[in-house]
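Structure incoming, see below.
When the chains are written out, they are named A, B, C, D, E and F in that same order, and each has its own residue count from 1.
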Amino acid sequence: MSIWDYANPVKFIRTADHILPWVSGAALLCLVTGLVWGFFFTPDDFRQGSTVKIIYLHVPAALMAINAWLMMLVASLIWIVRRHHVSALAARAAAPIGAVMTVIALATGAIWGQPMWGTWWAWDPRLTSFLILFLFYLGYIALWEAIESDDTAADLTAILCLVGSVFAVLSRYAVNFWNQGLHQGASVMRAGAMAGDTEERVSNVFAVPLFVCIAGFVLLFVALVLLRTQTEIRARRTRALLARERVA
Amino acid sequence: MDLIATDLGVARGGVPVLEGVGFVLRPGRALVLRGPNGAGKTTLLRTVAGLQPPLSGRIEGAGERVAYAAHSDGLKAMLTVAENLRFWARVFGTSGIGAALEGFDLTGLSDRLAGTLSAGQKRRLGLARMAVTGRPVWVLDEPTVSLDAGSVTLFAEAVRRHLAAGGSALMATHIDLGLAEAAVLDVAPFRARPGVAAEDEAFL
Amino acid sequence: MDLIATDLGVARGGVPVLEGVGFVLRPGRALVLRGPNGAGKTTLLRTVAGLQPPLSGRIEGAGERVAYAAHSDGLKAMLTVAENLRFWARVFGTSGIGAALEGFDLTGLSDRLAGTLSAGQKRRLGLARMAVTGRPVWVLDEPTVSLDAGSVTLFAEAVRRHLAAGGSALMATHIDLGLAEAAVLDVAPFRARPGVAAEDEAFL
Amino acid sequence: MIALLSRDLALAVRAGGGFGLGLAFFLIVTVLVPFGVGPETALLARIAPGVLWIGALLACLLSLDRILALDWEDGSLDLLATAPLPMEGIVTVKALAHWITTGLPLVLAAPMLGVLLSLPVEGYLWVFLSLALGTPALSVIGTFGAALTVGLKRGGLLMSLLVLPLYVPTLIFGAEVARRGAEGLAVSAPLAMLAGISCGVIAVLPFASAAVLRINLR
Amino acid sequence: MIALLSRDLALAVRAGGGFGLGLAFFLIVTVLVPFGVGPETALLARIAPGVLWIGALLACLLSLDRILALDWEDGSLDLLATAPLPMEGIVTVKALAHWITTGLPLVLAAPMLGVLLSLPVEGYLWVFLSLALGTPALSVIGTFGAALTVGLKRGGLLMSLLVLPLYVPTLIFGAEVARRGAEGLAVSAPLAMLAGISCGVIAVLPFASAAVLRINLR
Amino acid sequence: MPELGKYAVAVLSSYAVSLGLILALVALTLRRARRVRADLEKVEERVKRG
């Protein structure tokens, strides 16, 4: 059986029904473990004090915000090339989740910035590009909402997603050029790769619960996307049945 | 070259409206589509004109050979009659708008802004546009709306001239055009079975 | 109280279209306006409804007694049928939309968004609005556009009920409403002399 | 009247995001400013009150054409004119609905966006207060502009041109309050002027709007 | 193609000031800024390049809905789609016409308005040059947004929301050129980027616009 | 409860904001899922009968 068979709406709903309990259970488990561990059982950082605890929310949310857009991009491409309705609806389902993750990253970042940099907000490249990403999410969601015909909406938002991705990358580069910032480099990933440099890397005390949290966010995202895609499929099916009733 | 539609299915707003439509339109012939409001005549014509893809079946001999006149005339209120017409002539790569103006009795109006024309005059201008496209297949959607009796005759003559020159015409209308020689196709029998919503099929 | 128009002149877009129109509409009576396209029926009705001042002459017994239904229905696509109707009931200070819904066979549709109605259903909703205004004089502009035969009968019955309750109705239409008892007024003879552009008079 | 207000609010919430778009525009303009003038915090802090005011004004301006145009297009406006509501009441309610759906969100969001522009701490209260006082005037003036251009095809840009000069006094005093407030100076004089303008506009302009609208419906 | 271009230009000149309105908006925004941020010359001079860029961008944005909406409403777009012009050509010509009627006047007017904002002398050339390089990109990106929202009722504000994030890179590099130029710094790096973006956008985006427009005409 | 020191407000508020947003998202998703499911079942029931 090819993977594309799951692009059939009915089959997708059934399959998703099977996996959803497991995924959501695992997501809940990881999130609770990671957050409780991080919040209650990790020491304060010698420089950042207790604010390091924010990392368990901030970093996973930031990662998911970007990855949700990547997933939408892939789903849009699949829709454009193979025209499987489920992938278009999955992209639609993922957008609000990505937007919320962006808001969480922005909010926790801002709250963190106040004690660390002495300001809620600075026009740091990473921060700025997140703000732009948020705008892209808003536009994408608004376009879906504005168009009545479902397939037209899928087509247009898919193209918007493609063009938007290119411009998002461009913006990232532009913003980098425009201002050099305050924000942390990618030290977690280096910690994960066990690279030498002990000064910079996040110590394992923080890293392990952080990875648990990241896993929790990923699983949460997957669970939400599955559920929301199911909902979108059902809503579309309802509309289709109603339309048929009206015509008949 | 004939215009041939075979087993054509068309949809509007995602809902199939006609299916299994087939006809052959020879050069020199005219075909009139009939059917009640909402039957799908406009949708069929848009499909033939290439503005939307057919749901099923195929159309041959259309494409670049078709000149399409829709419900709305696409006139610019702030350009004069001659400017409007000349624009379309240039777009279609022809020249000389004199014959078209004369054929639809617009010569006296050629310097008026299109916005100041009456509805019937506007419609005449919209039809004159067909004559400057130089295309062999005219696809006309209710061409005689808001025309008075005299203008309908003018229109019938223009179509006859076009047919005599080897062109053909596909028209949707509710009224009698005075073109006795035209074949008639009633689209009502081709109404699509209800509810096989084209793009929603996967969801049913 | 009667609706009386005496020596009425009306203008549209600055051009007088009718003059010297006069009629009396008693409670319990209906008057149908007839005339070709562009004769000025809509303009006359708008004047009676108080949307524009008459050029000359006077109208008595209109004003706050008139409920007006225009070519367009003023429906909000994003509100349901019941919400649309309830809004107008509240604006006119009446209550209870049940009777109006029933009278126009809309009960089954009351929770549908107005935007998802078919043209005929929309029109029925627009007419149901008249019933919730509680006003004695109905002024209706082509009320039966896009209604099918059954709905036209529904409409005629609603008008009869309104007349029986002491109301009156002034309607413009091109078709037969099935209201044999209604008087007819052809507006064509009252066409204004051409060219006396109302607001440009001082410059002539 | 209340029926009209609640209908307009219901429509704003339902009709495909008419509610959030003004806010989104405000957000975007605020974000663009640093891209234009550069990221230095000190500079941004100095121009923050003015930028917030101009952004709010533009967001308000762009949503004006929804006030009356939709009702005009579907014929509701004609019907409302024959209903037992005074035209003055109708335009006032329309302005109020516009303020609730556009002005109020802007007022509430402005302090948040102030963060993006590093608005000094003392400024938040005054930006908030000046916008709360000024945006009602913007809505009322905007309704006048919308009434002037209702029925014109694509009157949007023309309306902007008509309305912007009328917005200038409100903008001057509003931004002055916000700026002085942010710099810790006395604000009572411009604040009084701003309040005066708002009250005057709200008291008088609905009559003009109603008159204009009556002429346009004719 | 040339026929379409000359028709669009003729229409812009005739159709009730479509030509001057963008310019007027630009003027007004520029004039509002001193009201908003206060009249100090030094401050204005520092933000002048950014303000000019943001003003030009907003003026451009507001005139976008004329690119395709009018042709859509009167049915010309359907007819053009069946004419022997490639859809890519149509959107390119539309973007070009928009640039000539809106972008070009803005470019020419910007130095003039710079005077109002006390732009430093060294800035004039660079503001002019950066706008001349950047506004074509704005028109092309805007055409993409217009094609996305054509046929939507009152899609104007939605279009702004879609287009503005796409404008960010152009704005950043454009304003950077203007600002560095005004301060007498080296501009070659952002200038190259700006030119690169413009060229890239002009070369690629018309294909996306044409695809989107075809979908919308369906 | 761990000792959060002078950053208590920052840490607690960021947890509150994030968890609040996530919970809101989950709640909205579940609510809409339930509603849409119920709607669909109603319609399907009607289609089957009619």
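Convention: a contact is a pair of C-beta atoms (placed from the backbone, for glycine too) under 8 Å apart; a residue touches a chain by one contact, two chains touch by 3 or more.
What you see is a predicted model; the values in this text were computed from it and never measured.
Each step here moves to a touching chain, and the least such steps from chain E to chain F number 2. Contact count check for A-D and B-E (C-beta pairs in contact): higher for B-E.
Measuring from the averaged C-alpha position of chain D to that of chain F gives a distance of 33 Å.
Chain C and chain E have CA centres that are 47 Å apart. Chain F has its Cα centroid 53 Å from the Cα centroid of chain B. Within chain A, the positions touching two or more other chains are listed as 132, 135, 138, 142, 146, 178, 237, 241, 244-245.
With touch defined as above, chain B holds no residue shared between interfaces to two or more other chains.
Residues 8-9, 85, 149-151, 233, 236-237, 239-241, 243-245, 247-248 of chain A touch chain B in their complex. By the touch rule above, chain B contacts chain E in their complex via residues 46, 49-53, 64, 66-79, 83, 87-88, 90-93, 129. Put simply, chain D touches chain E in their complex at residues 17, 21-22, 24-25, 28-29, 32-33, 35-38, 43, 46-47, 49-51, 53-54, 57-58, 62-63, 65-66, 69-70, 154, 156-158, 160-161, 164-165, 168, 171-172, 175-176, 179. Those residues of chain E lying in contact with chain A across their complex are 144, 148-149, 152, 155, 158, 161-162, 164-166, 168-169, 172-173, 176, 189-190, 193, 197, 205, 208, 211-212, 215-216, 218. Against chain C, in their complex, chain D makes its touches with residues 2-4, 7, 10-11, 14-15, 71, 74-85, 217-218.
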